[in-house]
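Dropping a structure here in structure tokens format, bear with me for questions.
Labels run A, B, C and D following the written order; every chain starts at residue 1.
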Amino acid sequence: MTVNAVAAATVIGRSRDDIARRLAEDLVDGYTVNLGVGIPLAVPNFLPDDREISLHAENGILGMGPHPGFGLEDPDLTDAGKQPVSLKVGAAIVDSATSFAIVRGGHLDVTVLGALQVSEVGDLSNWYVPGRNPAVGGAMDLVAGTPEVWVCMEHVDRKGISKLVPQCTFPVTGFRVVTRIYTDLAVFYVVDGRLLLKECAPGVSPADVRNRTAAAYTEDLFL
Amino acid sequence: MTVNAVAAATVIGRSRDDIARRLAEDLVDGYTVNLGVGIPLAVPNFLPDDREISLHAENGILGMGPHPGFGLEDPDLTDAGKQPVSLKVGAAIVDSATSFAIVRGGHLDVTVLGALQVSEVGDLSNWYVPGRNPAVGGAMDLVAGTPEVWVCMEHVDRKGISKLVPQCTFPVTGFRVVTRIYTDLAVFYVVDGRLLLKECAPGVSPADVRNRTAAAYTEDLFL
Amino acid sequence: MINKFRPDVMESLDVVWSGASIAIGGFGSSGRPDALLNALCDLDRRDLHVIVNNVGHDFTGVGRLVMEGRVRRVTASFPILQEFYDAYFAGKIELELIPQGTLAERLRAGGSGIAAFFTPSGAGTMLADGSFPLSYRDHEVATRLSAKETREINGRPHVLEQGIIADFGFAKAQKADPKGNLRFHLSARNFNPVAAMSGRTTFAEVEQLVEAGDIGPDDVHLAGVFVDHVVMTAAPEPANLSGTMEKSVL
Amino acid sequence: MINKFRPDVMESLDVVWSGASIAIGGFGSSGRPDALLNALCDLDRRDLHVIVNNVGHDFTGVGRLVMEGRVRRVTASFPILQEFYDAYFAGKIELELIPQGTLAERLRAGGSGIAAFFTPSGAGTMLADGSFPLSYRDHEVATRLSAKETREINGRPHVLEQGIIADFGFAKAQKADPKGNLRFHLSARNFNPVAAMSGRTTFAEVEQLVEAGDIGPDDVHLAGVFVDHVVMTAAPEPANLSGTMEKSVL
């Protein structure tokens, strides 16, 4: 399947904030969630008031809160991106081995990550662009251990090329790990190694999605 | 080599307390030590005042002290034999996984254990008498992880049979793990898989030891 | 608001099925989750696989489960209870005997997504070579513990041990807050954190319920993310248990 | 009396040899043992193998070691520092890149007598299949990370990862008592406990020295048995590091 790059300019889907807002709607009260860098970092801004979502940071925080405000930063309290954060009431600190025991042992509910590519069976590439500086952080542990891995990303890259692909061409972070994909154009689920289009963004048609998606998928839209 | 059981009655070496006292002399200031049941439990009674020996208990105590006195027992503070104990100033509590991380990781200095048999290369049998109730506790971890494993035991069993043997006939706890043996008759070191007689108890001759020892060993007495 | 406190132990524990595997904290009677174990008996659950360091020295705790014939298999390092051994030799219960440190590490590993690990503990012994009797029939050995894969690493033999993921984890703690954060008291901590980690669903029984924030973030011994349900102990622990201690002398 | 306090960092650290492997705590600059790292530079040690999560974002901490050409190999998950990568591509430093959870677990395993473990993290990826460049020469790949043994367990591929026993462990803590018991502050804990466990000989630098007993037995984060020498940080941490934080933005 080829992607019509020209068509991309004619469809306006969700903004990056709206992708985060759409994903936040699906987080269930009581979930413990790890958020990666990029669009995922906006998710806490859009959580409904009636739900308590606990945030985990790889460096050992459970119950992470937002930036504490200028002048209140504590060098001993930073998130996995080395930024100052605060703690929610009832937060707990653990060491790095225990932090990843939580991750690998399946004790988080959802990991939300950005992506370079997601394949049609749920393979994820998000750690390395060959030729650039390699770094992996906790991404491979998060995708290996968390039962639900939700990707937020732009549907196509800057050149208009689909990031939903038949097979990842970038180095893979984890195989068959992604369970949902939230893009500016659509929401997909990955079920038993098959990609399902569940929802189009407002103002986006199934045909618009089809034109911009290199991966094979089945339409299984929510009614 | 056969053992002269009759001769056993004619030699009186160290008492059980004296075995513990002799071993205690060899513990170096600052050591962290795990003590098994039996004769080893008497060791703390004989530590010289000028040495600080930290006691480890498998259930997660570092810096264990003696029985707290009648009426002062705490059900939340017991040793590996389920007996009430106290804590020394500066003690630390850890969970069972960390307790055995300490053991297996080689962070104890000495483990002192009783034995059914020790072989001439330092194999130890002390966990199981076939036909009786099997139980192992932490013995296999302690001998696998501690750099120095010191055995305190009677030189011969109740039938007068040597407990220092060419090969263990009881099920083995660990192979080539014992580094010293303190008995009522003598002190042996195990060096590079060879048993060395280092010392006879007061009133005991090298010939007395030879007559009661089934294992091959070399005399290498301290002058 | 997340609130893991459950007012009714029996109702809360009703999700445990007969046949389940349960990782249980405690060392002897110290830190043993007796309220949970008693509720399990009262709920008439059977055919259980219990993973616990000691079966116990009397008919309380895991001893009660055994005496009431509710246990199919015990994974333990030091069972103690004579009636347990009687049932073992009579072919009524299987015994998977493993070194204490291996037990602690297998529980932690299972709860940490570590499928298996190489340890030197037990290498070459009856507990690794396939000869230890897992079960008896008519006082003859019926089945044996499988031989464990052995590998020489750094010049020493090591055995491969599997992580344990239990259907349920039972822990006893001193305090819990509504998020399930736990704090233990002295050596009653022992196997409780790793039993809690190992459970797919974990119950903690506690002496004290406190408000969120009462346990400071640096003072949490086990993060609430490992705990699903918090119940109260049946009775508060007496301040002085010297009577019980007397009985616990082996 | 056991007293692990050492008044002179330089004198105490003099036992570290050029060529040594050193496990280092910290996450970015949070909880990083800068006094120890600076002393290592001042002592002119070279050819080091550092095991650390981040090389750093500037020329402090591990960044200083790298900039001064003292490092032969880095084992890390997220190096960050551009000058490190320049040295890597120029063939001056080897990079053993591993997942962050694998790094934490390898340090804990090494310190715990666990020779190796199977983890699903990274299975089938470039970090396990033998293709990741360990070193360059003239900007071409010179050597690659060895392929890791892979095994299907419970229906999923897992890779075998080795425990790391470092010659030395460097940790930063908030407080220490004379026994070496440590307490950390908030997320500055991170890799410090496992770096301390991994070291054959471990140094802890702390902001505060306290009396034995001031850290209660249930309040110790890392037991003193893992710590050999305690030194003071070069300067107390400022209460507010917002300036530093600005610089740490990636």
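Criterion: contacts are C-beta pairs under 8 Å (C-beta built on N, C-alpha and C of every residue); 3 or more make two chains touch, one makes a residue touch a chain.
Keep in mind it's a predicted model, so treat the numbers as computed, not measured.
Listed by label, the chains touching chain B and chain D alike are C. Chain B and chain C have Cα centroids lying 29 Å from one another. With centres taken as mean Cα positions, chain B sits 56 Å from chain A. The mean-CA centres of chain C and chain D are about 34 angstrom from one another, to the nearest whole unit.
Among the residues of chain C, those in touch with two or more other chains are 105, 108, 112-114, 119-121, 184-186, 189, 217-218, 221.
Residue positions of chain B with contacts to 2 or more other chains are 87, 93-94, 100, 103-104, 144-145.
Listed by chain label, the pairs that touch are A-C, A-D, B-C, B-D, C-D. Contact residues of chain D toward chain C in the complex are 105, 109, 112-120, 153-154, 156, 158, 183-186, 189, 217-219, 221. The part of chain A that touches chain D in the complex is made up of residues 57-61, 70-84, 87, 93-97, 99-100, 103-104, 128, 133-141, 144-145, 171-175. Contact residues of chain C toward chain B in the complex are 27-31, 53, 57, 77-80, 82, 85, 95, 97-105, 107-108, 119-127, 132, 174, 184-194, 221, 237-238, 240-242, 244-245, 248-250.
Within the complex, the chain A residues that touch chain C are 29-30, 32, 52, 54, 56, 62-63, 87, 89-94, 98, 100-108, 144-145. Listed in rising order, the residues of chain D touching chain B in the complex are 1-2, 108, 110-114, 177-179, 181, 197, 212-213, 215, 217-218, 220, 223-226.
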